[in-house]
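What follows is a group of structures, each given as structure tokens.
Paired with subunit B in one complex and with subunit C in the other, subunit A is shared by the two complexes that follow.
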Partner chain A sequence: MRILGKNMLTLLILSIVFILLPVLLQFNNYYLFLATTITFLAVIVSSWNLIGGFAGQLDLAAGAYIGLGAYTTGTLLIRFNVTPWLGMIAGGLAASTIAFLIGYPTFRFGLREVWYALSSAALVPILRTLFLLWEDVGGPAERYLPYYSWSFYHLRFSTYTVYFYILSAFFILILFINIFIKRLKIGYYLLAIRENEEAAEMLGIDTRRYKLYALILYSYIVGMIGGLYACITGYIHPSHFDFWLSIQVAVLGIVGGLGSVAGPPLITFVLGGVAEYLRSTLGAYIEGLHLIFYGIILMLIILFEPKGVSALIEKIAYRYGRRYRRF
Partner chain B sequence: MASVSIRNRTERTSISKTLKSYFLVSNMLNLLIQSVINGLLMGCVYALAAMGLALIYGVMNIINFAHGEFIMLSMYLVFVLNQLFNIDPAFSPLLTIPIFFIFGMIVYYGLINRVITGPPLSQIAVTVGLLILLRNTMLAVFKAEPKGVPFTIFAGTLQLNGYVITMSRLLSAIISIFSLIILHLFLTKTYLGTTLRAVADDMETASLMGVNVKKMYALAFGLGSSLIGLAGSLIMTFQQVNPLTGILYGLLAWCIVAMAGLGGVSGVLLSGLILGVSESIGLTFWDPRAREIILYLIFILILWFKPTGLFARR
Partner chain C sequence: MDNSIILSLKDVVKRFGGLTALNKVSFYVKYREILGIIGPNGAGKTTLFNVITGFCKPDSGKILFKNMDITGLPPHKINHLGIARTFQIVKPFLSLTVEDAIRVGAYRSSNDRRIVDEIVDEILYITGLADMRYRLCSECNLVQTKLVELGRALATKPSLLLIDEVASGLNPVEIEKVIELIKKINRDMNITVCVIEHVMKFIMNVSDRIIVLHHGEKISEGTPTEVSKDPKVIEAYLGEVR
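Our next item is the complex of A and B:
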């Protein structure tokens, strides 16, 4: 608790906001759905911060871990009637195993970051094709999870409010993990690896092992969220392996500011809302138009402030702070 | 008599069996040779498509995630030129190469030049932003339907000893090899090419020797983009384009660059051929939908066992 200190108050306020949000939205199903999807994205972006922000490895496999978690949870529920609460844990394990298999060879010391980025990016289409060809589990047709209008055991609810609360709990948890890791020894190790891998290795840090720790934690959380995602959508399909999601997560993490705890989720909530607004207004006229604006906003932010939004916020706070001091 | 006829019959069936298996084997062999031919022809074009990326990555050390989208853009450009001005894809390189050279320069000075000193991850974010922009612009303009050129002068097939060779692929492969040779000569024999290689080897020393590094970067980006312009026209002679083509070609090009390592033109050509052949064999003997799996399994295996690439100079 000493580590948390003043962050405790912020987290408390945040969780109260999350608890009150459905009431503020008057339980409107569309707004709740929107809040759920954006929180879903924010959880993934915040956990991406562990591997991308702290360890400085560009991971583009978020879509693959989501899909793996969804398929593990969904298949366990459909075939063996295992509750998704356990299925999510199994899904996390499956995702971390695959992540380890990819991370172990590519985190070798002296190998450039780009190869990890590419092999993780390649994981998404590989797994999608694999599950498309593997007819026993996947196949080109959707497989539906058993339908219940309200079942705690099957994690099926007829309102988004419950899913929103579960995801919010995950979100607060991942913020806790982020703050803890940033203050613990492993956090400093990871930052050292990001800034200068040679120097970190020379100081006796086992760079490969710590990168793998961060990767396994991240992929485990995303795999679990993937299991929840299968329950929210109600079916499993190879399209759950979504390359667009991977790109979106990495870009939001970078734009939010590497290694910043508050920046990435903040920018996710802002840009997620903007993207949805653009989709509902522009996307209705011309397909893909909202994503064009999304791409332009992204490039402008980076051109304006290459270190991301968190650096921008710090700059503004610094400037205003100085002005206040002057007066 | 009866026993003889039975023996005859059994003999006959056994003969027919051996004949059948012989035909099966020869059939398999024919299929294998046919798919190797197809793979070699495709590999040359793949190598050309990846060469632009290898050049940009080698000289500037920058990670252009929008490479596949550039290829897609050039394919759409060929389609538009064909539809509006009735220009055959075989002749469109005369227009697409200069257009893409200018396009590359614009992208370099507008985007890349501003982040080239920044952290590597923000360079990636900019190119990913470009990827999103290009892909969705094409989606908005051309919709999610595949577009193809109705007729090219490259159409037709060649029968050679029972094997079918598509003329468009053969001519595209020849043009690809020819332009790769020209590029190799440019990089090794001319002053400008040597300067470019010097920047690729050691940017700081080259700038101490009086090389304008920024100009060389711009040249490399323009040259890489114009290679993409050529590759797009060649691919368009035998394939269709849709907004999702970009990701496939992008990862394919990265796979080739990973295999080749930072070496010369010949390494890119050889790894393009290897990938083309293994893709084509996999398509014939396993499953046409398994294309990505084959490509990326090779990619990950190379990273696992030989991370510096098969044909790297250092």
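Our next item is the complex of A and C:
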């Protein structure tokens, strides 16, 4: 527990902020919806950090794992009335099984960096098409989850507050995992793999195995979140295999700072708010104008600090602490 | 089996397409010696290290480490058996601190953070990098980068260390320091060392025994004085004597 020390305090404060947030937002459904979507994204970005940030593999399959989790959880609930709490566990399992089946051969035959990015990106449209054709789980039609206005068993609520709290719990958990992994052997090994795979291999690191560990953990969490996503949206549809989400997650992970615990979620929350503000103010004039501004902001950050937001925080901390610390 | 031998190669052949990089190379390394490997450019020295450490598989031949056949094992398994190496073209962990880069190696010996930290302190002391410990590897100059690379290899606690051209690009004072370091590693840490080197002053000074490679073949073997007088070696370096 020594290694958590200061971080424990930060996480505690963060938890309190999350608990109080719905009250501060006066339970306004629109703001809560916004907070829920942004937290949803932050959880995925933070778990992407494990494979993309630590292990340095540009994974673009987040949309696929969300879809797999959503379909597993949704179908189990619709068909067999299995509670989504179990459904999410199964969803995570489904996502990491597919991730393993893709990851094992790609890592085995040395596909890495851009090639890994391409092969993982292909997973999203492939699965989307497969599920479009698979009539048993709904095919091209939307399948609705049973409606309840307040049911913990079915994980269906008419307010976003509960979903927000569940996602917040996931968020704190994934931050925990990030902090832990960063301080443990596996964290150092993954960073070494990202920095130089051959050198890492020569230092006794089974690079393939450690990359798979990161991939499985990441896809499991994203799969679980996918299950929750099905409950939040209330239906399952092939559009849950969302390639735009994959891109968004990778972009936020990179802009936030690869391998940083604080950077990616921070930038997700800030940019999530900014994006929504731009959408609500500019979106009314010309459609898509807000996306242009959003893109410009991203470009400015990368131009100004190519290593991402975390490097900026580190520089400031270095100036005051005279010692290199990672955030 | 001779128990004074830590590593031996038997008729190792490695071809790249039409080029035979290693042609039936056989040699041995004795426990606790420093073996120098020299040869003109393209003689197959680095390929030899790549074959030993599993980065490429030999086409034929056998590699025995502590009487165990290690031919074709992947690098990480070879490291677990006790062979570490540095690279001719440095492969630094640029965005890690010096301390963390060495810690990556140290985690090979133990999962216990306290033991790992002890190893890191020890390695930082031996390599003289203690002042640099919190700096990033990207801030290091060439000597420091090479020392970090040596340090993280040492941190895996090898019994055999393969050093690939550590002195190239260093000035005479720095070379002197590295020679001292390698001798210290060999003497105080009981590590057998193989060094590939171009800088003659370095290799003659540091090695107990030298083998000479030329066009992928071993053409000479012996003490530094013996090798430097061998006509075949002189021919390989200076061209044929007419």
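In this section, the second predicted complex is superposed on the first by the 310 of 327 C-alpha atoms of A that agree within 3 Å, B and C clash if a C-alpha of one lies under 4 Å from a C-alpha of the other, contacts with A are read in each partner's own complex, and residues count from 1 in each chain.
Going forward, a contact is a pair of C-beta atoms (placed from the backbone, for glycine too) under 8 Å apart; a residue touches a chain by one contact, two chains touch by 3 or more.
Predicted, not measured: the structure shown is a model, and the values here were computed from it.
**Q** Clash or fit: how do subunit B and subunit C relate after the overlay on subunit A?
**A** On the superposed model, which is not a single observed complex, subunit B and subunit C fit side by side.
**Q** A:Glu198 in the overlay: touching subunit B, subunit C, both, or neither? Say first, second, both or neither.
**A** In the superposition, A:Glu198 contacts subunit C only.
**Q** For A:Gly295, decide between first (touching subunit B), second (touching subunit C), both and neither.
**A** Touch partner of A:Gly295: subunit B, not subunit C.
**Q** As a test of reading the superposition: which chain, subunit B or subunit C, is in touch with more residues of subunit A?
**A** More residues of subunit A are touched by B.
**Q** Report, please, how wide the angle is at the C-alpha centre of subunit A between subunit B and subunit C, in steps of 10 degrees.
**A** With subunit A as the vertex, subunit B and subunit C sit 80 degrees apart.
**Q** Give one of first, second, both or neither to describe whether A:Glu135 is in contact with subunit B, with subunit C, with both, or with none.
**A** So A:Glu135 meets neither subunit B nor subunit C here.
**Q** Tell me which partner A:Asp206 touches in the superposition: subunit B (first), subunit C (second), both or neither.
**A** In the superposed model, A:Asp206 contacts subunit C only, not subunit B.
**Q** According to the stated criteria, A:Lys185 is in contact with first (subunit B), second (subunit C), both, or neither; which is it?
**A** second
**Q** Looking at subunit B versus subunit C in the superposed three-chain picture, what is their shortest Cα distance in Å?
**A** 10
**Q** Determine where on subunit A the residues touched by subunit B overlap those touched by subunit C, and list them.
**A** In subunit A, residues 307 are touched by subunit B and also by subunit C.
**Q** Would you tell me which residues of subunit C are touching subunit A in their complex?
**A** By the definition above, subunit C touches subunit A via 53, 55, 74-76, 79-80, 84-85, 87, 91-97, 100-101, 103-105, 107-108, 111, 113, 134-136, 149, 152-153, 156.
**Q** How about subunit B: which of its residues touch subunit A in the complex?
**A** These residues of subunit B touch subunit A: 63, 111, 114-115, 118-122, 124-126, 128-133, 135-137, 139-140, 143-144, 243, 247, 251, 254-255, 258, 287, 289-293, 296-297, 299-300, 303-304, 307.
**Q** Show me the residue ranges of subunit A that touch subunit C in the complex, using the header's touch definition.
**A** Checking each residue of subunit A against subunit C gives 3, 183, 185, 188-189, 191-192, 195-196, 198-207, 259, 307, 323-324.
**Q** Applying the document's contact rule, which stretches of subunit A touch subunit B when the two form their complex?
**A** 52, 56, 58, 102, 105-106, 108, 111, 113-115, 117-119, 121-123, 125-126, 128-130, 132-133, 243, 247, 250-251, 254-255, 258, 286-289, 291-292, 294-296, 298-299, 302-303, 306-308
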